[in-house]
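Just below sit the structures, each encoded as structure tokens.
Next, two complexes with chain A in common: one pairs it with chain B, the other with chain C.
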Partner chain A sequence: MNATRRSLRWLAPAAAVVVALLLWQLATAGGLFTRDQFPTMTDTVRALGDAIGTEAYWDSVLSTLQAWFLGLVIASVLAVVIGSALAFNDFAYRSAASVIEIFKAIPAIAILPLVILVLGSTLEMKVFLIAFGVFWPLVIQVIYGVRSMDPTVLDTAKALGVGGLRRFFVVTIPSASPYLATGMRIASASALILAVVSELVGGAAGIGRNILRAQNGGVSAYPVMYAYILTAGLLGIILTGAFFLFERKVMHWHESQRNIRANEQGARK
Partner chain B sequence: MTQTLPTVDAEAAAALIAPTTPPGRRRRSGGGTAKRVLVAVWLPIVLLALWWVLSASSTSPFFPPLSKILGEWWDQWIVGDAKGQLVSSLRNLVFGYLAGSLIGATFGTLLWRFAAARRVTNPIIYFLYVLPAPALLPAMIALFGIGEMRQIALISFGAIWPTLLNTLDGMRGIDQVKFDAAKAMRLSPTRTLFSLVLPAAAPQMAAGLRASLQVSIILMVVTEMVAAREGIGYFILQAQTVFAVTKMWTGILTLVIIGMVANFLFVAIERRALAWYHRSRAPGNS
Partner chain C sequence: MTNATVTSASAGPSTGRTLPAGTPVLDVEHLRKIYNEGKPHAKMAIDDVSFSVDKGEFVCIVGPSGAGKTTLLRCISGLAQASSGRLAFEGTPLTSVPDQLGLVFQDYGRSLYHWFTNAKNVGLPLAARGVPKAERARRVSEVLAEVGLPHVEQQYPWELSGGMQQRVAIARALSYHPDLLLMDEPFASVDAQTRFDLEDLILKVRRDLGITVVLVTHDIDEAIYLSDRIVVLSGSPSKVREVVDVPLGQDRDQVATRASDEFLELRRHLLDLVMPHGA
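Entry: the complex of A and B
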């Protein structure tokens, strides 16, 4: 019985995807949208199939991923180091809080034209924009995470003589990890958005630039455009999904995860 | 104000939405208000002063003196006609954001209520959520042309998903015991929705609405930077292409102000809305 239920849980969403694709095909082939508005599903899938075989496709995916990865890594390392340093000193935290809030309120894309001007349409430009945009929300998460740490835990670690770097890695980081994991998951999504924007507006190589080029190519290239849009979405699913799974695996003890799981089990009954 | 709810129900509902998380570490309340304000503002002021001093004799083409930027900002945005760009930007932002977050909250609630629909549409919704919305911009141009309709459409499209998913998550995170209690008290479905579900999910819904606002601002600028003829994004990019760097800086400054004001307004409204929520938890205060 359990097996049928589990297969149902997979089958229903899969069927929904198939139905959505069929509806797409019906709406476009049936004339609800004309070809210069929206390409048919079969044309798009064919364009995607053709693109997957080319080197240009994988080059664009890789350059988007590369910028996403570098920007995210740089921002997270900086956020963890600076965030924990600020969290341990009350004066430093209160002084920096307003500056961080101000920078967090700046839409990262505002500085895009400036960054393009200084760095050109390069990988560095993308990485800088991503790291800048993602750093501020992340550092706030780190500060909250470290400050939410149970003081007893810290005192215990001190009493046991665990200090310095060891205490940082064994006590501080695990304590802040639920906040950090959430922050990273959100940052991953923002980083992908900023990567696409920097390609779309800034003209750096990647998925975003290929989408715009296909749009400029006219109606005949629209299936290619949607093939790249689909690619961007699939990339988002893979990256966000990876963070979700990681969070569930590592954070199963955390309250937010417990309630969701309890409700799921309740619903499954 | 007249209280229309029977008090027993109101109190019971208030008890249902008691906090599930323990209150955070109490902060030491050292010093008076003046001292706290001083600690909060000294660093931004020092940084601004540093920027002013260090850029005063700047000859770099990219980083003009701050005094020049501020002077030009006054000429462009207060005296000049750059204000017109502001109107179209803000109009698109407001319409797009309101439409998107309303759709998001409504469908989030519906999907929470109908578990079967949720399970079926789950992959599609996640696909649309993680799809970087700016990637759809060229598609929107194909669908709606290059008018403001496409801008509003894209902004609201992007604003839907953070609100929808946070509404859903917030409602799913509600302790099952509270529903059992509501059932035991024979609250009607509508009453349960408004007295239990919405208030209990409110903090996370607010987080979603805030994320939607940030996405909306980004999309507002992106839509103005590609194939548009007005708006702040257009202004900044136009200044950049003709290498009018100081003018570009004034646009960036304006966007920074918009970002800060939008954020400030949101927090102010959220505090008000959730103040009701916090007050309702306090005993003997209804």
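Entry: the complex of A and C
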């Protein structure tokens, strides 16, 4: 009884994926699309299978991941440091708020031509673009998180004689962490998009450049192009899942996670 | 460094803090607190409050609701600045929260850190004072046992009942052996039975550790049951209406003490002071 229900929870989404793949195959092999418009599912999966065996495939995945990781880390560290400094000082916060809003409104893609001119088709270019793109929304999350700290939490820290850097790491950051976690989750997704775009448009090594190459390779390479597009999607799913697990582990004490656990237990009964 | 061992052995942690005999632990003279001072919407919360607390005393501060009790507590703990008047903790003028002061808030749900286990919560002020890890662990178990909560170290505060959470908060305030324990309506958010238990717990702690306690409450019965002296505040902006001695002795009992004639007589007198007159 319990076991069947648990297997059903995994079976249903898996079945949905299978159905989607079958529909794809039906639409392409059935003649709705021609080969030069949209490759069949089987061709694409075969191309993906072939690509997985090559070193170039894994190099491109690693290049994309590397830029994603570096950009995200740099942006997060800067956002936490600068955001906290601004949040603690009302005057600085008021002064900087409008500038941050303006920069946040600039789509990172818009500065891509400039970044390519200055840095070329390099890893640095990708990392800069990603860090620039995710820094602004992240820094706003940090500011909100720190400013919304419960006054009792701060009073308690003062009363216990917890000050300076210890207070920052042990009280301020955990108390702002729900905001940070949301910011990071969104930043992770945008960072991957920016990485692929910078490769696709900027020509730096990675999944994006391989999509472009396959596109230039003509109709016969279309399945390869879609194989890389699928790869980008799978990478997105994996990163989102990793973030989900990370959040569940690190934020297990937070009320939202406690409620999720309680609801899951309730649903199982 | 050596603070840890010194504290448990002798009176104070830092050197040269042997106070002259008769120096009150807390001395409040003509305290006044005005919010938004100098602005059109300035509001006087405390007009003129003076009292002092001697070593080993248990003093309650009572007053009608809105009398600025919490403001007063924030001022005498060093969390808020007084607008005028003189505040001294163990003879030293008060500028921030003193190291040797323990504070317990009414809202344990927000004052305990959810991201830490109970042990880490209780050990936090010790860590901030540089107590080494092993010594910290020993003292955390010791103080949790003192408040009647062995075996909760690895649990999180939110896994405990309200009364138990407030015990953890009390343990945290006691972990560094403060000279003065300051409590802001500590038992206002728990049920009646738990409240009696916690009142007796704090009396026991005080007996065991010989600690000085100042407790703010709106509950007159609680104030009489716990204290040696009661500072009665008037309504806002607060002044001291009267300081009432409570000669009920050291040993108190929830049933017998509360039914005694002295208790009832004090209760009548205090109610008379706190209840609005005229009207």
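As a convention for this text, the second predicted complex is superposed on the first by the 247 of 269 C-alpha atoms of A that agree within 3 Å, B and C clash if a C-alpha of one lies under 4 Å from a C-alpha of the other, contacts with A are read in each partner's own complex, and residues count from 1 in each chain.
By our rule, a contact is a pair of C-beta atoms (placed from the backbone, for glycine too) under 8 Å apart; a residue touches a chain by one contact, two chains touch by 3 or more.
Quick caveat: nothing in here was measured; it's all calculated off a predicted structure.
Undergrad: Please determine, from the superposition on chain A, whether chain B and chain C clash or fit.
TA: Fit: chain B and chain C sit side by side once superposed on chain A.
Undergrad: First (chain B), second (chain C), both or neither: which does A:174 touch?
TA: Only chain C is touched by A:174; chain B is not.
Undergrad: Taking the superposition as given, does A:162 touch the first partner, chain B, the second, chain C, both, or neither?
TA: second
Undergrad: Please work out whether A:10 is in contact with chain B alone, chain C alone, both, or neither, and reply first, second, both or neither.
TA: After superposing on A, A:10 lies clear of both chain B and chain C.
Undergrad: Nearest 10 degrees is fine: what angle do the Cα centroids of chain B and chain C make about that of chain A?
TA: 90
Undergrad: Mind telling me which of the two, chain B or chain C, contacts the most residues of chain A?
TA: Chain A has more residues touched by B than by the other partner.
Undergrad: Applying the touch criterion given at the start, work out whether A:95 contacts chain B, chain C, both or neither, answering first, second, both or neither.
TA: In the superposition, A:95 touches chain B alone.
Undergrad: Considering only touches as defined above, state whether A:153 meets chain B (first), chain C (second), both or neither.
TA: So A:153 only meets chain C here.
Undergrad: Can you work out, in whole Å, how close the C-alpha atoms of chain B and chain C get once everything is superposed?
TA: 10
Undergrad: Please identify the positions on chain A that touch both chain B and chain C, taking each partner from its own complex.
TA: The answer is residues 255 of chain A.
Undergrad: Okay, in this complex, where on chain A does chain C touch?
TA: Its residues touching chain C are 150, 152-153, 155-156, 158-163, 166, 170-171, 174, 177, 253-255, 258.
Undergrad: Tell me, which parts of chain C touch chain A in their complex?
TA: Counting only chain C, the residues touching chain A are 74, 77, 79, 96-97, 99, 101-103, 105, 107, 110-111, 113-116, 124-125, 127-129, 156, 158, 172-173, 176.
Undergrad: Enumerate the contact residues on chain A facing chain B in the complex.
TA: 9, 12-17, 20, 36-38, 90-91, 94-99, 101-102, 104-114, 116-118, 147-148, 151, 186, 189, 192-193, 195-197, 200-201, 207-208, 211-212, 214-215, 222, 225-226, 228-229, 232-234, 236-237, 239-240, 255-256, 259-260, 262-263, 266-267
Undergrad: For chain B, which residues count as touching chain A in their complex?
TA: 20-21, 24-25, 28, 36, 39-44, 47, 62, 115-116, 119-124, 126-139, 141-143, 169, 172-176, 211, 214-215, 217-218, 221-222, 225-226, 233, 236-237, 239-240, 243, 245, 248-249, 251-252, 255-256, 259-260, 262-263
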